[in-house]
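Take a look at the structures listed below.
The following pair of complexes shares a single chain, chain A, combined with chain B in the former and chain C in the latter.
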Partner chain A sequence: MKYDALIIGGGLAGLTCGIRCAAAGLKTAILSGGMNSLHFSSGSIDLMGYDDEGELVKKPFDQVKKICRARRDHPYAKAGLATVKKAMEFFIETTSKTGLTMNHNGDMNHFHITGLGALKPTYLSQESVFSPRGHDILNSGEKIAVMNFSGFRDYYPEQTVAYLKKNRIFAGRDIVLAEISLPWYMDTQKNLHEFRSIDLARIFDTAKYLPRIAEEIRRAAGDAAAVSLPAFLGIKNYRTIRKRLEDMTGKFIYEIPTLPPSILGLRIDQALKESFIGYGGEFIANERAESGPVDSGLLEHVNTRNSGREPVSSKYYVLSTGSFFSGGLASNSQRITEPVFNFKVDADTKRSKWYSWFFFDAKSHPFLSYGVRTDKNFNPVNEKGNTVKNVFCAGAVLSGYDPVREGCGGGVAITSGFACAEKIIGELKK
Partner chain B sequence: MIKLENISFDHCIKCTVCTIYCPVARATHLFPGPKQSGPDAERLRIKNPELVDASLKYCTNCKRCEIACPSDVKIAEIIQNAKWNYLKINRFRPRDWFMSRTDFVGSIATRLSLMTNFVLKLRAVRVFMYLLLRIPYRRAFPNYERSTFENMFRKKIAPSQRDYEKRVVYFHGCFVNYNDHSLGKDFVKVMNAMNYGVDIMKEKCCGVPLIANGYIEKARKNAVYNIKSLQRAEQGKRIVTTSSSCAYALKYEYSSFLKLNNSGIIERTDHSTRFISEEFSLGNVPKMKRLGIRAAYHSPCHLECMGGVMHTLNVLKMVPALDLVVLNSECCGIAGTYGFKNENYAISQSVGSRLFAMIDDAHPEFVITDCETCKMQIEMNTSYRVLHPVTVIAMALKEE
Partner chain C sequence: MKRIETDIIVIGGGATGAGVARDVSMRGLRCVLIEKNDLASGTTGRNHGLLHSGARYAVKDLESARECISENRILKEIARHCVEDTGGLFVTLPEDDPTYHRNLIEGCRFAGISAREISVRRALQIEPNLNPAILSALHVPDGTIDPFRLTSANALDASERGAIIMTHTRVNAIIRKGTRVEGVSCIDKKNEQLNIYGSVIINASGVWGQEICSMAGIELTMFPSKGSMLIIDYRVNGVVVNRCRPPADGDIVVPGDTVSLIGTTSMEVPYDKIHDNNVTDEEIEVLLSDGEKLIPKVARTRALRAYSGVRPLIAVSGESTGRNISRGITLIDHSARDGIEGLITIAGGKLMTYRLMAEKATDLACKKVGVNKKCATHKMPLPGSEKGISRRRRIKKFSGIPDSVVGSTFYRHGQRLQRIMTREKRNYRLICECEMVTEGEIEYAIKNLNVKDLVDLRRRTRIGMGPCQGELCAYRGSGLLQEYGGASPEESVEMLHDFLEERWKGVRPVLWGDGLREAEFTYWIYQGLFGISRPVKTKRKRTD
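Then we have the complex of A and B:
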């Protein structure tokens, strides 16, 4: 069995790459060992949030342009500004085809509100987080309401409000803090505090209790123009459910992500997987790549956990195994490695330099920008120092950028995934 | 003392992703979900086994939680172990006893097949089964064949298999043995078309239903028997099943759950599509005609767990003019004997409802799946016939 493109890792980068390859008619498979970190994400896509001085970026593409010039090792520079733009367009189009709208503020960043009440600059958000109407309301100074369902323990609106008030946009604002009760739910013998976001999202997905919930929201919110709820307004049916709640309450309904699992991220994950499978891609779950011979400068095949005698082979491979949490990078007390193929990594050799002593250091931790060393084509380097031409790397496994300090994790994943797919498609055409 | 046998629960970061993908937690709030029942509760159970709770019985052991876990925690294994180590199970469970003894029931039912098939459709009998055995009234039962596949094979098929130089051992499993000879015949046909002869060895039920119903000692007995019997097959000969769950048990559950040494068979045992896929990639592709049908493919949980879906897809994509719609991965809800019990029937149906809707949306002529109980569930709940991938290849074979 031979694929055109075998993608190792089914996260944002791997899925974007897979969709582009499968849509181009390539025989594509994604190996996925465990669910990706979209399940822990805000559900917004950051493109470029902060510049090198830590200042907020207003126009993300302008900052990308600067980076393309100034930092040759940055994944954006390797892809080029034009590819970054194309990749974002491709992502917006892909998700919207499955019914998930990702909104942006023209060429400007917008904010999304975190569970702690911080405002984070981002480029793409679902309509419950950013839409022109919501944007107007939040900027108009009108009264807003921050709500939770009583008994739900994975979100604390008091925290959100306390921190929001420290921001100049909301400092003088009238903010209602309220709790509404969950509908009596027939099948449950559970105490409400046992529910996680996913349990509640499922109840919302049935759309059964909306009039009751709308009634409670109206009563609790008073004359507030916008109401924020913890993000579990349904999964597959979220758009219609949110629309109905808005119609019934006459208020803008905003979603704030809770503790994991993130329903906002789950929607993106499902949209991407649906799209990938729809194009004929094979999503192989429970399959972890373990090793593969790369000494010759080409990856010959991949041994996976289940492959046994017959390893999986492909014309081209994409390594999108993520960073430390997802197992794409590993560390022990001496060094940082890429555990599957032992590709060269960019990392400081001295362990004491990997991290900052201050957890919330404004300059971030050095290890966040560590990753697999790649050339301008995203090809990695094997132990002997030879470039491995049939492997491309995408997403958080890459070095040269700091997703936290720069606020660019999602954008890099999508861009590099897309760029790798374009390169594979180009190579196969030759 | 804390036993350090399985401390993978310590890798759990409480992200609750497993609960998203748990089909039972989606269907009912009676099951708190794999995170809470598995790694969370395991800490408590280690301290005090009495802290076990009755909701564990809702777990179907589909293993989707393990597939979803980003931290590689053996969630389903933890739950299964807890279920049978700690849960005080009522010893008198006639229904579960009969249901899990597929060999015992099967050998009687095939002998009396005409009567069994007739009686199982009678309303009075079904009411009786509903009331006394607590088996759902609406649940459709598979028909029983008139003899076992084993007998039929030895009498009618074995002689024709002698001429082949290359051979495989076929682990047919209970479903082929008692309920559906045609799949076994299709398998032989496909193997023969690929120049392989088929042998069968003495076998007992692989143990999946026994494990599911808590008869661990009996499961272990069967497993020991099967390992011994299959090991007798000549070295280098491959052992192939047409049931994804049998393959999963032989390869993985014997060692990981029953703690037996199956190293003599693990490397050469595979689900049929994997063997066929490997042969295909070596160029051993039989002559196939254009099939001209549209089918929806459903991936069974246990096949997915073994990473076997890619092989089935690879095989099906080689069949000429088979218009294949690959369905999003969803559990069908039957989970072996689980859906055959009154107390689980509603959950089982609710779990499967998403899959049934997807199948209808795909407008296929047939559904394809690798698992016999998925087949029963889908045939009962949709209007489509369900084919095994091997049957699809057999249909496409050019008659010599």
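Then we have the complex of A and C:
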């Protein structure tokens, strides 16, 4: 056996699971096929945003408790409330050790502002989105400046302001639009087709331009107490950069997530990878599991794309390959499958049942809650109907929840990843 | 209430209506065109974009075949930037009647279509993705035509000659005085009432012509025939591939821009169902399995979207079913037919013959108002199709800008490229990466091509028509509509919402494989990341 735990899929669930395993001293590897969904996430962690009627959830753990009782197939119910809490604490601690602070509002949700000015309920956010100071400023009624970087085509602050003002909290507020620009940067920029958030984040990562940017912000924001920028305040040096920018401008700097790549999400991705490798985990990039034989209820080994005829074996496996977009689930015109091991999935058999008639249907789409069928231990079932005891499933590959409608994608990924790790650690102790 | 006076009122902004507006303007008459939705948003934009050689009709409908080949030659000259002269093949599959091949050659000879018999080997050289099991092949002068570009170019030419093009304006009454129609009463996008008076009304509203006629108190019966098509995400064929058999479902694969289209089904629908553009799972099955017979690669290619259109067939005599009713042109002078002065209906026909239909309708209208000027639309190139700078000079002029970007703009707008593209960086920044649509092209379209919303913008530029179906560029486009189109932030977000719902209609029937992955991603972005709010203005109703 090469590994104690082999994790297939390096997204939020896989990384959380990997860190927990590696931190417990297990020989752990993550196979990562490419970018994960953090690259187009808000960078906040939603635990439980909406209830079954679509109403806002104020206290997410209370809602998790309800779900644990009422919906036994929901990943939260399989993990249990105590594990959800422990997983969240673990995640906060892990990111904080790498220097990325994830703030919460006690046992309450808080809001993050979207590019279209919507307020979305979430549980954990970076300090540029939720912090005690920011909270005070937003509640104080002071003036806010919503800014954009001149010529940046992946964000339109007018839309943010228009819809923000429709919300009770911001209705009577003094909100101004402003634009900052760095003409000398624009001149040196060769290929403007690549003028995306990642390019701006790179400018911000080098502290060199900060004084000029701060000056621009001060000029454009006037007497506003808080300034929002599309999220591009650096990736690696984000914390110091933002602090310096706040010191130089004297204003609270808020970040709004925009079109992918999401800088806010990239920070979490980077923090988690760093943590995993720091614990001695092996992160194998650009590698995909392709198949693996299951005999008497156990996965024997995994064949991967790059390992040729050399199978990779481990005592335990975690399947955290994501949903359709990431390739964890596959479909053709007839059916929905789990493509690596052909585990049983929960999905409607008739294609016309997979989707809702309107794209923005309040009920979301059935396909979003499809996924691999697991028992209460997160063990999947293979095509012969046998439970596969040495495989655990985590994250969006699971069935039984709708990450968007319920506002719980991040929470389920972290919880199920953590829960699978705990189970593996427990099994190995026996 | 606003009031406009003009000479000719054209109802309908499809290819025919836009063609009439152009023709009328070229003969020196004032003209107002009214379209309830957008240019080419009805039947015109809902076909397979085949530049017919006429061969498809050569066995059964010689008159249509002759019209096709004649218009084919004209369009290759006047609409060069809307046309691709790909050539086409008629191939016989083992299961097809081998004698049809002979009949077709004979029919083409009668119609004056140069159909050349070629060896199977040669056919496979021309089209390597073709089913190698074919028994025989025939080469014909088929091509492809972009209906959006064609209609837009006609409308652009008309408006540059003084015509007024009013899109998103709906006719709600025909103003009649005794036996004479005097004008139309309309409602525009902002719900403002508008009366337009003119000497002649040309009803070029296609399948909706029945409604227009009934507003004037005239009975005209359409036989709507629905045709569904499927787009696959790669251009798997370079030339048009037809199946050599009497026209039936799923017998043609047409390349177009970056994709290929499989057409078509034919189904009669009751008149009250003409707005129902849903494609059924059964139709998808037929199109995919028949398309695969012609080009086996279709089975392994991603289905991008499916859509349907309604052919405006008029039953003049006692004709019965969809495929059997002639696709011929019907010109009705309602003074002769119904005793109503000042109203002309032009219907039937097809995209291919839009210019001829426009010519016939305009000739009659001119006769009514006493204008003798002859039609010249077959000689004058459309805006963008003129002879202009050569490729070499173009490359030199725009050096420094990626040729793929210059080429895409040129492909879509022809010689108008020179009014669109500048070497200013902002101008050629890419907004839609799939289809290489630049900010400059979007600015030009919004300011010059009657763009009122994001869906209109798509028809003019192809923004959001590529593999991702507007995943990222839809948002950017909505932002630019504020900047260049004067939309308020709220309007721009509503447009974004409507655009994504409209894209969804076509994706929904083929939601599997990569299409499902893409849809999930788009949903995450707009619902998850942006939390797009639903506009409250319209009540939504499922239409099936």
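Assume the second predicted complex is superposed on the first by the 419 of 430 C-alpha atoms of A that agree within 3 Å, B and C clash if a C-alpha of one lies under 4 Å from a C-alpha of the other, contacts with A are read in each partner's own complex, and residues count from 1 in each chain.
Note that a residue touches a chain if its C-beta (ideal position, glycine included) is under 8 Å from a C-beta of that chain, and two chains touch if they have at least 3 such contacts.
All figures in this text were calculated on a predicted structure; none of them were measured in a lab.
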Partner chain(s) touched by A:Thr349 [first = chain B, second = chain C, both, neither]: neither
One more residue to check, A:Phe40. First (chain B), second (chain C), both or neither? both
Tell me which partner A:Glu310 touches in the superposition: chain B (first), chain C (second), both or neither. first
Should A:His365 be classified as contacting the first partner (chain B), the second (chain C), both, or neither? second
Does the superposition put A:Arg153 against chain B (first), chain C (second), both, or neither? second
Determine, under the contact definition given at the top, whether A:Asn139 touches first (chain B), second (chain C), both, or neither. neither
Quick one: is A:Pro260 in contact with chain B, with chain C, with both, or with neither? Answer first, second, both or neither. both
Touching both chain C and chain B, counted on chain A across the two superposed complexes: 37, 40, 189, 260, 325
Touching residues of chain A toward chain B in the complex: what are they? 1-2, 29, 33-37, 39-40, 185, 187-190, 194, 196-199, 202, 260-261, 266, 273-274, 277, 280, 282-287, 304-310, 312, 325-326
In the complex, the residues of chain C that touch chain A are 281, 284, 288, 402, 425-426, 428-431, 433, 439, 472, 475-476, 478-480, 482, 488-490, 492-493, 497, 500-501, 503-504, 508, 510-513, 516-521, 523-534, 540, 542, 544
The residues of chain A that touch chain C in their complex are 37, 40-42, 114-116, 118-120, 151, 153-156, 158-159, 161-163, 186, 189, 192-193, 195, 257, 259-260, 262, 323-325, 327, 330-333, 351-352, 354-355, 357-360, 362, 364-365, 367-368, 403-404, 409
In their shared complex, at which residues does chain B touch chain A? 15-17, 19-21, 25-26, 28-30, 32-33, 36, 66-72, 267, 277-278, 280-281, 304-311, 313-314, 326, 328-329
